[in-house]
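Letters are used for the chains, namely A, B and C, taken in the order the chains are written, and counting of residues starts over at 1 for each.
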Amino acid sequence: MVKMRMAEPKILKNAIGSIVELIEESAFRFTPKGVSMRALDPSRIAMVDFELPADAFDEYDVTDEMIIGVNLVDFEKALSRMKSGEELTLEISEDGSRLLLTFRGASTRKLGIPIINVEEEEVSEPKIQFTAEVGLTAEVLIDGLKDAEMVSESVLIMAKKGEFVISAEGKKGSSELRLKEGDAALTKLDVKQNTSAKFELEYLLKMVKGASSSDEIILKLGTDLPLEMEMKLEKGKLRFFLAPLIEA
Amino acid sequence: MVKMRMAEPKILKNAIGSIVELIEESAFRFTPKGVSMRALDPSRIAMVDFELPADAFDEYDVTDEMIIGVNLVDFEKALSRMKSGEELTLEISEDGSRLLLTFRGASTRKLGIPIINVEEEEVSEPKIQFTAEVGLTAEVLIDGLKDAEMVSESVLIMAKKGEFVISAEGKKGSSELRLKEGDAALTKLDVKQNTSAKFELEYLLKMVKGASSSDEIILKLGTDLPLEMEMKLEKGKLRFFLAPLIEA
Amino acid sequence: MVKMRMAEPKILKNAIGSIVELIEESAFRFTPKGVSMRALDPSRIAMVDFELPADAFDEYDVTDEMIIGVNLVDFEKALSRMKSGEELTLEISEDGSRLLLTFRGASTRKLGIPIINVEEEEVSEPKIQFTAEVGLTAEVLIDGLKDAEMVSESVLIMAKKGEFVISAEGKKGSSELRLKEGDAALTKLDVKQNTSAKFELEYLLKMVKGASSSDEIILKLGTDLPLEMEMKLEKGKLRFFLAPLIEA
């Protein structure tokens, strides 16, 4: 038995909207405790870790553990058919061949997407000695990344006492986002030592794609180490890990 | 003399917006009683029947019967230049070569589109023994059709006592819109016997293209028979007929 | 020293948004009195004359005259990254290689675009004996031009006592915008003699591209003479000159 209902399914829609940018097919693990997935992108530069606990749902009825593979592009398209104010129910079709999404609002609409064979990856969480932790609004982070996109394909992220900086430099010019302690958009700045690392812009832009502008995002950083980007959800968690670019 | 004025020309704009999806050129018949057109689409699968009586206009001055052919793509483009709040006047240019649209608002703008030679088709209204009649809002019908579009190129429309269903099924998944007696979006459900028929989705989507989401639409159905789709207008009528898909 | 700050930089953004449609690279002259540029488009059919006096800025600090060349496409893209409510600072980077734009709002973002070598053109203001001067809102002018675009590639602009008309004619039909003395959208009509001239629509549409719909635009006209189009700015001026089309 797998059946669950969300009165406010926007969390799920936004999360899948970000994940689909990196991963096309994935296995979700449904257990009595909640839903989770963990996967690497095809280039193995980025990792996604997503969890929605049972209490993120208004009804949650999963009796046995079950692995369900779906094409995330199909899943995202189906979720995008949901209208604001509609309630979402997820369940498995009787013959086990489809994941059924039911939208309840002015009408009752049901979309079924094929359940496919995807092997669940064994992906263990990277252990990283982060030296800085930064909280900021999605809007400001996205602005900084889009500015950088105008001039370069990579971005340097730096944190030091009192300051957080995203900068880029190229033939077409330069860009810089600077947040100082006290700025409203900087919700957290915890720096153990000066930290800087370089990343591919394309991946960062994909990770923030599903975020709403007022969402809070937590970045954990270490010099020349992978970053962890956590989207703060009311319940559950969505985290991305991204390998740094190391200059030759 | 052909001259008419509409203070709220949105009806005409929406109607032409739907018709142009099916028919590129057409002859309109102007008589002292009103304007009408009836035509088959090039594939002869769909038929359009459109009528605006004289009292749908705020001024209506047509002394003699007249057939006027226009390219509907030109007509639709010209109508799309009209801004909300503007009043529309239609008339024939002095030399008889153009249909003139005058938009009156902050300024007075006039667009003329060529009158072309189109033979008026002899199209008689199909006589069909419908067994179900369903009224619903355009918004919900469009949702059901767009859901179906994600998984198939055709759609099954069913009506039975107490229930109306649009469903589709394909390799990419399944879709289903279900309305029950009592649902606000279901404005009418009159079923003589269980009724079902299959249709090409592409045509249905074109027919609803010009509808505003709050418009009421009446579907008349018979098992494996053509459907009639009527857009409820305050004055006048716009109906489409569409041949069913019959499985070999 | 070149440094200036605008609390409401929309004037600059809109002006560059229009100019970039005609001219790709340009030299700006910065003097203690203000910023200016004057240039011909590559086809030499249109001329731009732009001036922002020092008092159009909230802070203005230019000690010596300086010519700064930029790619206007880069400049426009950088300005388009500015969000409403943000304050803009312009300055030259320390090494003199970049024009720096700083946006201050929820965060502080800085974009640098390369300063390039552009020779300042010697362009003297055309001396034209205009016979009509017309003021109208950008919205109505744009409507008239877009109507014309549906039927032709050129447009006839006429002014006579009490009336201003933009019309076009082609195989695809006709268009006409007519404004009469007393119409709210016609802010000025000063006609010495009946005046008419024909222009390439493409250029006129580019010139109005950056205008906000409520902006006032002043057209100065002479029969078969170039037109002057002035965008009324609170401070400073943006003018375009456009050569007429003369029928063979």
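The working rule: a contact is a pair of C-beta atoms (placed from the backbone, for glycine too) under 8 Å apart; a residue touches a chain by one contact, two chains touch by 3 or more.
Since we're looking at a predicted model, the values are computed, not measured.
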Looking at which chains touch, is this a line, ring, star, complete or other?
complete
Taking all residue numbers at the subunit A to subunit B contact, is the shared part over half or under half, that is, same or different?
different
Rounded to the nearest Å, the gap separating the Cα centres of subunit A and subunit B is 44
Give the residues of subunit C that touch two or more other chains, as numbers and ranges in rising order.
none
Per the touch rule, the subunit A residues reaching subunit C in their complex are 137, 139-140, 143-144, 146-147, 150-151, 171-180, 183-185
Spell out the part of subunit C that touches subunit A in their complex, as residue ranges.
74, 77-78, 81, 83, 98, 100, 106-114
